[in-house]
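Dropping a structure here in structure tokens format, bear with me for questions.
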């Protein structure tokens, strides 16, 4: 029976790919299908800031060569969108009107950037940095020594920020409660950290102190492309504005599937959802933490990869629990630079 | 930067697949690229028929299509899926992203795109409906997308579309809007493939012509007066184009009720002194063969274009083959020698068509110009001479002293060609008949006469082997002794030439020869070539090695046959394989 | 034309119980969507079914052309012959086995151009076959050239400056050739079409049914559903089907094609004549060769 | 045999004459094919009024609404929109549902000032009916019963009629002038108002027993106004207290809102916590934000996906700064030394089984308690009915709501009940629907038989009335007041309404599901021209159709092979009424009718 099993994995991030790798190792004959919205095979998103260091061929970012999927007999379907999961019939519906049936389903859709509702009306004026395409698009928009305004911050945004500063760009971080997301920092420590950021060459604007963001507008001809207006009347010009408020899990396609959701997919520590055939792994998972007595997300490349690995094992006979792999404390080096364990990746 | 991009467009006949290919190749030729293109399409006009249009777009001169395409445009999933595999790594696969009918698992193109290929889903149908309110112009959406994605200039497309749909109001608008919608989508799409269109060739003023279209140009430049025809795939387009062009030049075209009538009327007009022709395919030639016998007997100039298709009988009307050679050479009651010539590319179609009329007139004979579906429907960007390189009149001069009571229509002369009087000429009155006749044209069944006249009809054609300004056979590649020679005729030669270049690149001494005049046969040229080759490969698209047998019979030399009847053109790869095998065998023997 | 809503399952029951579906093949017709020939490929089964003629005793013979794909879509014996050569083949089959119902099928090009030479002879011999001629006034399979029934002024790829050849009048020809049953139908009126096919088959002798049908792909101007729908009318009440003169008069009114039976008469068929010759020779009538059921 | 046909032009469609039908296949078709109307508790004929709007007949659109739900201007603002959840345009692959509710409002907004409402009055019956409670259910019933010719007396304990509409819903969602106008229209047909008159045992109350004697029938529509208590132990093991009474910083949501709407003053402190997941909870949070709270958080037991509030409502609340936190149940409160609220103690939940209406059960996780600091707590976890005023012995169900029979009557002859008073808390449109249903039953009882019945009216339609292009119009967003204009005061309406151009665009999006496309199988020539142009997989070669128990049609059985094709048929379930097939059919064998429910008088 196992030989004939069809494992379908939604999402080809770190978790999905690690799961596929593991599944193949443990079930040489199983049918494995990866589904992704991306046009490219799995590449290292943490690496994307490198586009500002002159790496602009997507092939440089691939983790495995295309031949890997053929050699491993892993079906890789790109630019396909899952719109619905029918847990009873064990099928996923794809946006182009195709139906795909599975024996086991692994949800590894990860998260996408969170945009606070009060900013949603400005969406057309904002940029993203989550995909290779977005990264390249942003690089084209930012001139030599140009300015990038990062709203919020978060460790992904700050990672880009330090690269931008390195490469001679100007970076303004509009700081708020999520500036060090996913780190949770006390008010006192936050103030200190903000100072360190300034020492790192990043300009800081305190959103709250400035009465919040009133509007984001397109700049007039001949001026910077974007203008941010604050409640206080202060203004800030930039070539691109990048909202960076942490991640929200991508679970829309699971609505109505009967799987338990809150913000993410609610899973046991064994990464099992409320449907026996469906597991979840990575940033999309909201896992019960016995220690903290709450459902929580475990971010970071090490955690996500471990989840992918574990989900695959639990899909193929094991029954183990997830153990966090990631140090979550934010360090300051000799008062002049910060270092986040979330910045460590292979 | 060199450009060498092959685009394949596939879909059902009804989806405008062929039309899309046609617009694309014309636009690209117009933009200054070199283009070779070939469409494969079914007998059904609409519905389930599967079509593939392939174009190879280059800046360097090439002679055949590539094995692998760089870009695939799928207008529907069912027909697209089998072709995804032909797309090269980092090539682009463009396909419909929103199916109307539910698709079974794996029946969408996206399930077949290999990891190294770049998927470009496109809501073709929806974009079309949004832009035009209808679904007809889906192909234009796809073309627009292609142009937008690869940054091709819009202008040539707009020019072609404008010309193609001139005066068709709403249809023209719909196609323009659909193209624009697709183009916008293409421009917005982030390009991830490794396919690049470099700048076109500076100042290249080529025109995109199919083999049949080139034949038409040749006919017109040679002053064709009358044309009679009956529709048959793949020759029909010759007549269709002539129907448009001849009246413009005060010439006449008549669609007869069948091929029998078509050849008869052609011969009648030829007898009356007109430059006349008809066009057909194998089945039509079969019907005509008796009449061709009459033309031989009556020594009436007449030109028959034969575009071969898959046989025998109704065979495979929409596939290519070179299997009518024997019928063209011999098909008729009795000994009926005629001239048979076969161009090897679109440019050759033009020259052979024009020359056919000179030869027919000069030697008072039917001339069969052998094409095939692959050549007839193949498009190449060609540069035509500004002034036609053909004689307006090739009739053997008829001195007034020869006219009169003593005039003998079939007088035996040194070159076998008798001065021909045309109806209306004073003192030239005579009778032609299908019965054996004497110099005066009177019925004569005497053995001596029959032998003499038969000799006359055969010998006069030998002079055609010296006809001015005509390529009877031509050698390419390395001079002197070679390890392997490729000998071919007709459409097959392009693949042989590209194969030859590849063999040379592999360090194999190699030459290739095309034979254009098949009857009378250029024995000396071919024999000399054969003697230079350690081994000779004769690739052709028929089962019986008709050309190889002809060569062996005419030269007395042995050649290696390579006969394929897949209905598709030969693949360069296959020719290479055969040639390598022969070379290795020869070397082993030598060692 | 309902004053009550149409209820699907009532219709389906009616159609399925009628048995007509058994005369259809499995393969879906491949004509262009909108083609009038669809109605014929549905009408013949209906007619055969209604007349109670077993599919196995029926042979459908055709030539070359769009219409001649017909045999592939009916569940009877079928013979797809060469361009224009349908009637001789049909005649041969009928002569070999009088027990068969032989339906000859062809288009306007197949029948009146290349095959034109055969029609008069099939008619005057009164071969006991039914000839369904699908007339769409154009060559469809070769992608739209002028046909013998194309109207004057009609533009096609081979008459880009308007067709100047007078279209022939098939009904007039057949009436003059001596066909013993001549009628006309329109693809847009499926029920009437089926009824006429039924009557044509029922007729003993050479029956010729001329079926007007649009080519939606290559004729967007002349013989469209819209135009034909406006032009056609029914054979006037009181028309005398026994009168060849009346029939000819009717056939001459090409402007508004009449639908229905033009002419019907009885005279010995080719089979009768052959039988008679046998009798005169004093021989014995050969029993029609039976096919295994 | 005769084969000649009637000699009129053949291609002309002869449409079916207008007719009424009770055939289960027609009734079933309407039920299955007009999802919005089927989903509306008041059975509003949505396609009809949207069609009217697209033709600029806003007044007529308004009347079509009024005929079903009595208070279109009100529902057009605050309806829970079950119709939009059901809308065909929102089905997979079809895009977003039509903004039905916003259109309903636009009809009310855009009808011209001189608009005269139409009412088909019945002759006076001389019957006297008392209705207790002037909320949506009571008002709807009063309207219908007065139209049917009865003398109606409407009792209301509050000073003004309107119930929840007036006292529960904030003005920024429902301006009062709109409410006044529609209440007036509903009650102007000789309904006698008795505002400020309580029914029950209290001082000044009229006793129900008397009411029963004095009228031919009494209808209880007292609603569901008593807040559910939330007994919470104060941290440090204090006695369980009812927050509403014990601490100035803790209040029940509904009384909080009602007090404000009575004109009493209320205030909140800096950090406001709201517990509860309904419209009341959201209203409390948004009001709190307007009263100057810095941080407003709604704490819910399950998750956003499962709470019975429209997504638009949640989004607007979030834009106003309200945050929602899930999977938590309050288990205690934390008071500071001064006895002021310092925080609320919650326990983490996990999701349990399913409740009806797509809701979830929350199961607390032992030992996962935690404290959220806050200064004001508003409890809006639901309401219950109060029936202690009943001085007559009437049967109750296990939720202690009055039990009614199929005839709408309680265990006491002549005493009817309806609305939330019977069902427990629901929605306004539900209450209206129940009120009208009760009126119908009460009338039937009084008159001895139903006076009206519902039938399917089938009317031929000459053309599709739609263009394919309409299907690509995006859902028109409701214009809203800019953030900084909102939080200052409780008055200005947040949603500004669709103007005429927006309404026209939006109305064109409606598929007009009441259009029924049929193929006349007898005239179809199987040419498939229609399938060629179909925008979806909506026209099928069929060999059978499933007939359901109630005689209506289920799914089509498609044919794969030519000899199985019994008919070509339009799958009205897939059909989006684009009209492409109608235009493409060469023999005009496709007909369109408008099939919809109408109410007709019984003979």
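A, B, C and D are the chain letters, set down in written order, and residue numbers restart from 1 in every chain.
The rule we apply is simple: contacts are C-beta pairs under 8 Å (C-beta built on N, C-alpha and C of every residue); 3 or more make two chains touch, one makes a residue touch a chain.
Note that the structure is predicted; figures quoted are calculated from it, not measured.
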Request  = Looking across all chain pairs, point out the one with the most C-beta pairs in contact.
outcome  = C-D
Note = When centres are defined as mean Cα positions, the distance from chain A to chain B in whole Å is 57
Query = Once you find the CA centre of chain C and the CA centre of chain D, what distance in Å lies between them?
reply = 61
Request  = Could you put a whole-Å number on the gap between the CA centroids of chain A and chain D?
outcome  = 39
Note = So chain C residues touching two or more other chains come to 31, 33
Ask   = Among the residues of chain A, which are close enough to touch at least two other chains?
value = 97
Inquiry  = Could you pull out the residues of chain D that touch at least 2 other chains?
reply    = 93
Remark   = So the touching chain pairs work out to A-B, A-D, B-C, B-D, C-D
Task = Within their complex, state which residues of chain D touch chain B.
result = 93, 467-469, 472, 533-537
Footprint of chain C on chain B - complex, ascending = 14, 43-49, 230-233, 236, 239-240, 243-244, 247, 253, 255, 257-258, 314
Query = Residues of chain D touching chain A in their complex?
reply = 92-93, 302-305, 315, 318-319, 321, 326-327, 348, 350-351, 365, 367-370, 483
Note = The answer for chain C against chain D in the complex is residues 1-9, 11-12, 15-16, 21-22, 24-29, 31, 33-36, 38-39, 41-42, 73, 75, 187-192, 195-196, 198-199, 214, 216, 225-226, 229-230, 232-235, 237, 259-261
Note = Within their complex, chain B touches chain A through residues 89, 96-108, 110-111, 113-116, 118-121, 190, 192
